[in-house]
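The following blocks contain the structures, represented as structure tokens.
Below, chain A partners chain B and then partners chain C, in two separate complexes.
Up next is the complex of A and B:
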């Protein structure tokens, strides 16, 4: 029998590498102000429901927005009737349970897509400049303030962008289907080269 | 001669710079920073801030290129990006505009397309036969006889300008960027800067784009008053928080203010294409000085007044020693004054406003004298002309505006009717003092901001043009288009031949079709045409200006060349185990691990595993999933039990096969559908379309899960034995029969899905593992199956295995015309269903009968493997069918095929003729599609 299962992200970890929370991750620490980090180990739960139904009211996140839940999960809705909940590694079950059961007769789909999506975080005051090289969406504070979510194309990959600032510094979560994760990560590094982008390692939030 | 050889021959002692002037008030050069470079094999030294031509002009270089058609020597005309005779090669970069490119240390600059040298170009023999090379010569001469065109092409390519690129050159870095300004100002002269400042002060996000290396426009080469205004405006721009792009040009305006900008001068990027979605576009390009047409107007030493002022005031270079000035406006007068101020002898100023004129410029190679209209001859090395202006209305034209001729100002001006999102300001609109231009720009900026939603609406007072004499051509003929070598005589000849409109003359003579795209040439061309036809310039109008306004490199248009690539979770293992990569759409897959035949034998005799992650997977959830399946597939789905799997075929409305795959029922309302690897996106779109347009009342959620799972097919007689070692699922034949689905743990990984299906014809299990554990499970299978002889197999082995079994691949064994009945899938089509996509067409085909059949085919000579696509022919030329798949079967030790043949040839044992690519014809025998284990005993074991 092989060793205890280790989960691996679609994005090759930058050395040094270690196992944290059951995932093989990079423990590198970025030195620059502009940082790109793989956040694929975060639990990711996809919810589909009628955007005007009672379950949507329960989630309470309007299309195009994102917000933190009391349990510090992040709920984002990049398109009508669809939400992505993100939480610490291994919390997918809790995220789903916290939603509760739908009312009788309402069709609600809850899927653990932790392993089906690549997730990365781009942080820094020049993060919008990096994205502007690979993404056609207006990322200005006016059009996409903290707490926004949008589905678009980044580096020619269908990607959802969630603006989730960190301590007042612009920060974007980008998630795409898993198989394109390495390409998207590499494209962001390429685009960020002129701004001094650096790869940051594992964090569970 | 290559740039490298020229560089090697370069003299190390730099040339003197006798034409460099003492410091000038507005100079842009940094005299503390010397920049050495090579030109045509000789070492020169300029200053930081010099352009290539300004540095060379300081050393007395007058000739920079040879013209396209007649190989005439050409020098500085405009001293700007438009300079038609100053296109050079810099290292491996061709077509560099030397009057706009700043010097960089170590630059190796050489002239383009001279043979053998710039000074003695043998192609100049063309000028001897110039009378025969008039307008239309190319069309008339090289169109026939057609077979000779390749020979013509070889000769003509020698004359085509364009420089060269080396295959050894280090690829340059090009990229793109998007931006969304509220107001985009194209042009950083006084009006453009003022507009940008005012819009920014109103709260708009402003992008200011300037083609030159610095903001300022004509203020930069003005006197003390202009320089003071320039300083003030630049300070305002800096304070207003405006994003400024210099050495950049707005190249095109498209619908909804989608604007392309070519940005240059970045430290690590050769050229960047910026795609801007602007709220309001303010067009402020200023004016372009127009050349004058007369004999010898292209001789090096003939310059526009703005070129003279640029050289003196920006670069501190004396453009000559002894000058004649033909002036019809204040700029010409200022040029004469500048020349006098810096010590250039101004022999005579001809005032065109009083009817004075030149007749011809004289000289061999460079200007040596001017013949004046009164017949007098003046020796000189510089002739300055200031005879009028062209308003570059290109961007307005792209916004739908037609320029109109203003006879008073003798130039085209913007016409009536612009979209609300486009405004114009500055010289393109009218003339005025610096203050008047700034005032117009300020008002326009306020209006732009208001229209973008910032500040209150503003009123823009009109800016009228000043009267200007209409001067286009002297009494002699000269060039109207310098880069294309088109003369006024050519335009007149074209008119005489009936090409009597602006558009026709353009295409017949190629006037305005060179790199400057009409900015220097259009007005003179139209004016000469008017003269030739007796019609007015108003009547003739201009040609239509289209993007790009300025040349853009192909690299910038392409951007970063990194097409999306998709990888399976097992890719790291494949890469370290000699996998031969196969590019399948965006996916990178292992084609084989070096020996596909051995991989096939392993599957047939023991067990193999293949990474099939790209297989499309859709999670279906909801009470109406059975309805959706019944509508999408041609077969029935109402009675699919939980735990069962069924094969299905989807057809489009026209009955053509769209995709195939299996769908399993995991729970009461939960299903997992698999599609072909290439069909995943198509099927998802197809199903969503069905739900959203045809059956919005059906309650189904479709979620793509293709890469949520790592998918592995375990195939071979020992596959059950292998998988049993790793899973808690009961794999016995009774507990888990063929075409069933189970969920469970594999290699300690929970939530795995197991199908018992077979594409290879062997006992096999397709497992879907949460993707992040794919590599773990893959490695566990190989480790635990070592004693069973397990080995990985790639796509090529899988294709052989399924061909032996006679399974078709959609898009390989079907095409855009293949209907279900053609492919032998008629038994699946349930025409008794109420409805499904493609039913009417399939019903018709069922009644009419398929015209062709998918059959197996074996060449009589088993060693011959006909190429896929080979035609099956009859004795003459008739085509009876085609081969869609062919391989050598390691199992059967012979070649096998799948093929379509007309129905009457589809009976087994029919012998048909296959035409090979080399023309040989071979006999082959029709068989059933299944070449191996037709009973399916191995599959169901």
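Up next is the complex of A and C:
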């Protein structure tokens, strides 16, 4: 059972391919300093609530920001009243449970969108240069520092960008509707070619 | 190409938005006459200069916003500068209605 996939990403895995956490994934390792990797197997939970209500206070992530939770999940809010929680594969139920129940009368939506969204990670000191070719937001450290989130258009795909640096190296998580995932991945590879972009394989964060 | 100052997302390219037309006060559908409703829908001021408009930020905050735009120069500025500013209200999305928010998504 362990090597039989139960899920496939919208993004075709670059060979070699193996099964990890139930997902058919690439185990390729990038050689370059600029890397693009599919992260669709990460659990994704979408939360909607009144941005000024008590549930929003409990989440504690302001619009336009992202923050690591104590359980090492990432909570990001690209627009008022909406949060995306991202965690290790298979953790969607825990992410939802950790939120707890809303107060009486507050309308809150918690939805597992793991298989409905594509998620990818672009990492490298030139990552902003790649994004700048296909996206109009200000990517400077002043406007988009580590721990910020923005909903925008990337390669003409409605995409949420979360800046989540890895060991001090600029890194961006990009998520979009599953049906646009392969196109966005290919567009970023195309935009990154002049910077020497390379496809990296599976990791669980 | 010009930029629109979104009150939720900051300045963004106009291509991220959909133009919703001049900002105007919607008559109460319970008391409006046919003539008033027609005027609300179709009779625009169409000024050459500064005007107040509604835009939909579809790929960003997914909110309807108001901004001021100079129709001659395409300069934009936040609508808060306008006197008597009124937030855009969607038909069927009246303040306090339980589904007011869901109709905007």
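By our rule, the second predicted complex is superposed on the first by the 200 of 205 C-alpha atoms of A that agree within 3 Å, B and C clash if a C-alpha of one lies under 4 Å from a C-alpha of the other, contacts with A are read in each partner's own complex, and residues count from 1 in each chain.
What we mean here is this: a contact is a pair of C-beta atoms (placed from the backbone, for glycine too) under 8 Å apart; a residue touches a chain by one contact, two chains touch by 3 or more.
As the structure is a prediction and not an experimental result, all values here were calculated from the model.
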According to the stated criteria, A:80 is in contact with first (chain B), second (chain C), both, or neither; which is it?
second
Could you look at A:152 and tell me whether it touches chain B, chain C, both or neither (first, second, both, neither)?
second
Of chain B and chain C, which one touches more of chain A's residues?
B
Once chain A of both complexes is superposed, is A:63 in touch with chain B (first), chain C (second), both, or neither?
second
Answer with first, second, both or neither: which of chain B and chain C does A:168 touch in the superposed model?
neither
Give one of first, second, both or neither to describe whether A:140 is in contact with chain B, with chain C, with both, or with none.
first
Regarding the shared-chain residue A:187, is it in contact with chain B (first), chain C (second), both, or neither?
first
Do chain B and chain C touch any of the same residues on chain A, and if so, which?
107, 136-138, 143
Residue ranges of chain A in contact with chain B within the complex
1-10, 12, 23, 40, 46, 48, 107, 109, 111-117, 132-133, 135-138, 140, 143, 155-157, 177-180, 182-183, 186-187, 190-191, 193-194
What residues of chain C sit close enough to touch chain A in their complex?
8-13, 15-16, 58-63, 98, 101
Could you list, by residue number, the parts of chain A that touch chain C in their complex?
50, 63-64, 78-81, 107, 136-138, 143, 150-153, 158-159
Tell me, which parts of chain B touch chain A in their complex?
175-180, 205, 266-269, 275, 277, 560, 562-569, 572, 586-587, 613-614, 619, 621-623, 699-701, 703-709, 726, 747-749, 751, 770-776, 779-780, 783-784
